[in-house]
Amino acid sequence: MAGNTFGSIFKLTTFGESHGPALGGVVDGCPAGIALNEAAIQTELDKRRPGQGGLAVTARNEPDRIRLLSGVFEGRTTGTSIGFAIENTDQRSRDYGEIKDVFRPGHGDMTYEAKYGLRDYRGGGRSSGRETVSRVAGGAVAGAFLEPLGITVRAAAVELGGIAAESLDIKGAEHRQFFAADDNAVLRWQELVKKVAAQGDTLGGIVEIRAQGVPAGLGEPVFDKLDARLAAALMSVGAVKGIEIGSGFAASRMRGSENNDAMLDTGFASNNAGGILAGISSGQEIVLRAAIKPIPSIALDQHTRDRFGAARTIRVGGRHDICAIPRVVPVLSAMVRLVLADMVLLQRRMGGGT
Amino acid sequence: MAGNTFGSIFKLTTFGESHGPALGGVVDGCPAGIALNEAAIQTELDKRRPGQGGLAVTARNEPDRIRLLSGVFEGRTTGTSIGFAIENTDQRSRDYGEIKDVFRPGHGDMTYEAKYGLRDYRGGGRSSGRETVSRVAGGAVAGAFLEPLGITVRAAAVELGGIAAESLDIKGAEHRQFFAADDNAVLRWQELVKKVAAQGDTLGGIVEIRAQGVPAGLGEPVFDKLDARLAAALMSVGAVKGIEIGSGFAASRMRGSENNDAMLDTGFASNNAGGILAGISSGQEIVLRAAIKPIPSIALDQHTRDRFGAARTIRVGGRHDICAIPRVVPVLSAMVRLVLADMVLLQRRMGGGT
Amino acid sequence: MAGNTFGSIFKLTTFGESHGPALGGVVDGCPAGIALNEAAIQTELDKRRPGQGGLAVTARNEPDRIRLLSGVFEGRTTGTSIGFAIENTDQRSRDYGEIKDVFRPGHGDMTYEAKYGLRDYRGGGRSSGRETVSRVAGGAVAGAFLEPLGITVRAAAVELGGIAAESLDIKGAEHRQFFAADDNAVLRWQELVKKVAAQGDTLGGIVEIRAQGVPAGLGEPVFDKLDARLAAALMSVGAVKGIEIGSGFAASRMRGSENNDAMLDTGFASNNAGGILAGISSGQEIVLRAAIKPIPSIALDQHTRDRFGAARTIRVGGRHDICAIPRVVPVLSAMVRLVLADMVLLQRRMGGGT
Amino acid sequence: MAGNTFGSIFKLTTFGESHGPALGGVVDGCPAGIALNEAAIQTELDKRRPGQGGLAVTARNEPDRIRLLSGVFEGRTTGTSIGFAIENTDQRSRDYGEIKDVFRPGHGDMTYEAKYGLRDYRGGGRSSGRETVSRVAGGAVAGAFLEPLGITVRAAAVELGGIAAESLDIKGAEHRQFFAADDNAVLRWQELVKKVAAQGDTLGGIVEIRAQGVPAGLGEPVFDKLDARLAAALMSVGAVKGIEIGSGFAASRMRGSENNDAMLDTGFASNNAGGILAGISSGQEIVLRAAIKPIPSIALDQHTRDRFGAARTIRVGGRHDICAIPRVVPVLSAMVRLVLADMVLLQRRMGGGT
C-alpha cells in the first residue's frame, strides 16, 4: 500500500536506499518448479551497470552481486517466497555537504521532505535510480517464468537527445552501446553525448519495448486492462514522462479507417493497437514506447531553495551520467516482464468453464 | 483482482453491461461526514451524455439516472460503502445480426472471445464505453471528498482530428461544445466532424487534464508513484493510447538545464515536471495529457473474421459517435479525481511522527 | 480496504444498510461459463429468512428478492463482474425514539459513533445482521462455481443455549428447525427458546460447518493459510466469538500421539486436523465450529449511556429474534464457500510447473 | 497473494526456509519518524529462542541476529520500506534420511507435496516454525510504532497439557518460564513436561493475549472487523487450532442478559465482548485466547506414507521441543501488534469529516 509492492499475484516487494546496507526484495507468487539460479539474475543485473551500454562514466562502480536467500531448492522454485539481496559495498561515510539541506531541482529532495518530514539524503536515498536494481532482479525471476512459455521481452533506445534511430533492430540492441536501435544511431549519439557532457548538461530519449509470444486473452476488463498495467509499470520508473501503446499519440490524428487493424486470413493487417484490444492482448506483438527525461543532475548552476526556505544556488553534476537511457532500458524490460508474469497467472483462472 | 476495482483505500468497484439490466458500483473507503447527494452525481453524469458537448448524435438517449443505495444518511456519508445503480432503460430485444459472430475491427470482440470463450455481444457488453458511466458516478463521489480540501480537477479537448486549439481556457471548456480548450477550435472541429461523418469515418484527439490545489506530498515511492497511478487511471479508459505528464515526450528532447524546474522565491519557475517530482506531488498544478484514438465503429466496409475463423466483411457505423472526445473528457476527470482521493487518504498516515 | 470487500481473486464487495433503499454487492473474479441464475441465489436467501428454521418471529418479513444486474448472459457467467441488489421494501419512516441517541449494550452503536462521528441509527444501519443478506447472495455465486468441482459445504447447529445435539446429521439439518444437527435437539431447543423468550432474554449456540470434496493443496503458506482465511471469514460474522478447526481447543489438551492423524492404506486414521495441515488442505473433510453469542437485543432493562455521556436505562427487545442460530447458519456456509472459491482459483496458478 | 504478505497498510512480507541461506522480510507502510534500531528488534527475537522461557532443549541454537537493511536513517524510520534479514548460521549439509520421502504425520510434508509437486524437505522448509522469526521481527517494528501511542500487547500461557494456571499475572509472564500466567503453574508444568518427554510424547496448551490502550474506533465494518483480522492473524500461526475473543465459547452458553456488557458511569461493567463491539474496538482491553496443538514431532513410531504412496513407519522426535508454548507466545504477541498497527493506520483516514 505504501508503494513498494508491484503486481497482484506475481508480486515483487522491494527495499533499499542508495547508501544503506543493502537493497533487495521478495518475489511472492512465482509458481513452483521454475528453473532459477543466481547466474541468470546476475546477467540481467550486469546489463544496467555503467559501461554496459552507455558511454557515460560513473565514479561508483559496484559489482551489484545478487544473493538468493530463499524459495529455490535444487535449482527450482518451490512456490514459496523468493528473497534476494544486493549489498551496497560502497557505503563509506563522506561529506554530503549542501545536498543535506538544499533541494536539487528535478530531484525528489523537496517532495520527500514534504511527504515524510525527514529523508535519507545520501545519494537520494530511496528516490535514487539505484532502487531499480531490485526491479531488474525481480524482472529476471519473471523472465525465468515467462521463457518456457515462449514470451520474450526486448527493448531498444529509438531516440536520444532528439536524434532518432533510422530503423529498429531490437534483437541487436542488446549488444549495442546505449542499447541503440541501429548501428548508425550509436555514432551520432556518442558525438552528441560528448558535446553535451562538455557543456555540463544532460540528455533524454525514447525507449521502445516489445513483447513477443504473448497469447491472446491477457488483461482484465475495465481498470486492470493490460495497457493500464503496462502504463503504470513504465511510469513508475523515475525518468519516464510519457507512454505510448501501439500508434500512441499518432493514433489521435488518424481516421478510424486508418487506425483500425483489419483482420485478414494471414492475421492482422497492421498493429496500430500495439497488440491490445479493449485492454486484452490480441496475440499480436505488444508495442510500447516511453519518453525519458534528461537526467536532472547537471554540472551547471541552478536556482533553488533549501529546507528552511532560503534561496540557494546549486551545482550538482560531476561524476553523474549524461543520459539515463542505458541504465533504464533493462529496467523497462524488467517492468514489462513483471506485468506479463502477473497477467499470465491472473488469466489462468478466468477462462471459460470451471 | 479481476479488474473491476480501482484504488487502494478510496476504492471504486463497478459492474454492468451495455444492454444488461443496470450498471453501477460501490465506493468503499470514503470517509464519514462528506456532504453527498444524488443531484451532485447526476450533474457529472449529465456531462457525458450525448449532446452535452459534442455534435455527435446517438440514437440511444438514456437519461442515466443515478440512484444512491447506501452509505449516505441525512445528506452525509456515514463511512460505510456507497452503493449506486443506473438502470438501463433501453434494453429492448433487437436483432444483433452479424455482430453476434463477427469481430468488429478495433473492438474487444475478438479478445473477449479469446479470454472468456463466450461474451455478451449486445452493444459490446462490458467492453462498451457505456461502462464509464459508473466511473463518472464514482468520480463524483471522489470530487465531493476533494472539494472541501480545495482540490479541483478540470479537463479540456486540446486537439481533435489533428487540429489543435490555440489556447487553453480550461475553466471555459466545461461550457463549450467538445469541451474545447478555446472558442476558435469549436468552429473548426464542427466543420471537420461534419465532413468526416459524411465520409462514414471517425476522429480522435487529445485531452488535457489539470488538477489544482493538490498539496505537496501525495504519491508513494517506487511503484505507486502519483504519475504511475495517474497513467494507469487514464490508460484504463478504452480509447486512450498515450499519456504524458508535464512536458511529456517533449522532455525527452530537452537538455537537463531546460527541463529542470528552478525554484525561485516566488515558487517554481516552470512546470515541466507537471507537478510531480520522484513520483510525489510538489504542490504545483498537475498536468496530464491523453491521446484518444478514433472511434473504431465506422460506416465503411472492413475486412475481418468471424468466431469460426472465416473471412468476413463488416460495416458497423450508423448511429455511432464520430469522436469519443466529448464523452471521454468527463471520464478522464473522474479517473483523476479517484486517484487523488485515494492518494490523499494514503498520505494521511505516512507523514512524519506517529 | 475499508472492509466491504472479501477475498483476493474471487471477490465479494457489499453495500447496504438495514433501512436504506437497497442492499447488494458485486462479485468480481468468477470465471466465465458457470451456470447461474436468480433462482439458485434466491433459494439460499430464503434459508436465512425468519421462519425458515427458527421458531423466532420477526415483525419484519421482507421477501429479500434478489435481482442480478450484470455478468450473466444466457444463463452463464461471462467472466465480468456480477452486480446484484436486494431492495429494502419496508423502509417506512418511523420513530426511532431513544435508539437515536442511546447506545444499546452489546451492539455497535457506541463503537460506530466513536469511529465515524455519526451513524445511520435506523435498525443498526450497516452493523445490522441484515447486512448478511449480501453475503448469502455472494456465497450462492461461489456455490455455483464450486458445485461442478464436487465441493459441497453444509452447516448445522450442534448446540443451542448450552444444550448440545447428540449426533450430527448434517445433510438432514437443512430441513430441520434451527438447522439442528439431529431431531432430538429440535424439541429440547423449542422448549428452551419458549421459556427464555417469556423471560425477555436471548440465547447463543454453536454451529458446525463441514466442506466435502475439497482437493488437497488449497491454502497458501504462512499468512494466507486456509484455516486463517476460514477463521477470518467466520469471525467477520457479527455474532461469532470463537472458532475451532478440527479438534480445536480439545487439541490443546491432547498429547501429540493422540492428536496426530496417522496415515493408513485406507487414508487418514482420524481427522483431528480438520482437513488442514500446515495451512493447506489435505483432501480430508474440512471441519469448523463457530461459537455464536446470544442476541444482544433483550426485552429487559439495561444500564447504558447516551451519545452525550449521560447514564440511561434501555429496554430494546420486543419484535426481535431469541437466537441468531437459524439466521446465521446459512451465512456461515456462504462465508466458507467464498473462501473455498477464492482458494481454488489461487491454487490454479501456484501448482508445479509453468 | 501467495500468502507471504500480512496487513493492508502496515504490511509485512516475509521469506525464508528453515535451512536456506537466510530468513527475513520487508515492512512497508511504517510511518516516518518512528524511533527504531536493531537492538529493540533483537530483544523480541531473543524471547522466542530456546531456553528463554521453556524447559525444552533444542539442539539447534542459532543466535538469530537481526540486520536492518533499509528504511531507517539516524535512528528513525524514513517512511520507505524496511528490509531485514536473519542469516541461518547452521546450514551444514547433513543426511535428511527418510524425511526426504516420508510424510511426517501432523506436518505439512504431505500437503506441500500435493500443492507444489516438490518441496524443500530440509527441516520443513517454509512450513517450519522457524518461519516465525520474521514475524517476530516485523511485530517488533509494529511495536515501535504502537508504543508512543500507548498501545501495549502482552501474552501469557494460561494452560499447558490440560493444566490451567490459577490466575493471570500477564505482566509477570514475560519473566517466567513458559511465559506462564502465574508462579504455581510453572512448577506443575515443569513436572508434566519432564514426564511426557520421557514418554517420547508432546504437549499443547492455551495462550491468552491482551492489548491495552487500544482506542475506540479501530476495525472496519463487515469483513475487516478487528476480531476477524485478529482471528486470521492468530490462526495463521501453524500450531493454532482455536480462537476466542472475550468470553468466546462460553458466550454461546450465556443468556443475552449475562453476556451484554452494561455501561456504567465508571465505564463498562464487564468485558465479555473482549473489547470489540460490531467488529470495532470499544476502548476496553482486547482479550484473545489461542488453542495450541501438541507438537507433531514425537519420539514414537507412527503409521504414515511416503511420496510414492507406500505405507511406512516413522519416528521423528529426538532433539525437538516438547511444547510449542514458549516459542509461540512471542509470535502471537507479534501478530496482534501487526494487526493493531495496521488498524490504527486504516482508522486515521476513515474518521469523520475531511
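In this document, chain identifiers A, B, C and D correspond to the written order of the chains, with residue numbering beginning at 1 in each.
In this section, a residue touches a chain if its C-beta (ideal position, glycine included) is under 8 Å from a C-beta of that chain, and two chains touch if they have at least 3 such contacts.
What you see is a predicted model; the values in this text were computed from it and never measured.
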item	value
Pair exhibiting more inter-chain C-beta contacts, A-B or B-C	A-B
Per Cα centroids, the chain farthest from subunit A	C
Geometric centre distance via CA averages, subunit D-subunit B, whole Å	46
Subunit A and subunit B, separation of their C-alpha mean positions in angstrom	26
Length of the line joining the C-alpha centres of subunit B and subunit C, rounded to whole Å	38
Touching two or more other chains - residue numbers and ranges from subunit B	1-5, 8-9, 14, 29, 32-33, 79-81, 115-118, 126, 221-222, 346, 350-353
Residue ranges of subunit B touching subunit A (in the complex, touch as defined)	1-6, 8-9, 14, 103, 105-108, 110-112, 114-118, 126-127, 131, 159, 161-162, 196, 201-206, 216-225, 227-236, 238, 241-249, 251-265, 269, 272-274, 276-283, 291-298, 300, 302-305, 311, 346-347, 350-353
Interfacial residue positions of subunit C with respect to subunit B in the complex	1-5, 8-9, 11, 13-17, 20-26, 28-30, 32-33, 67-71, 73, 76, 78-83, 85, 115-120, 125-126
Residues of subunit A that touch subunit C when the two form their complex	1, 9, 29, 31-34, 79-81, 145, 148-149, 221-222, 345-346, 348-354
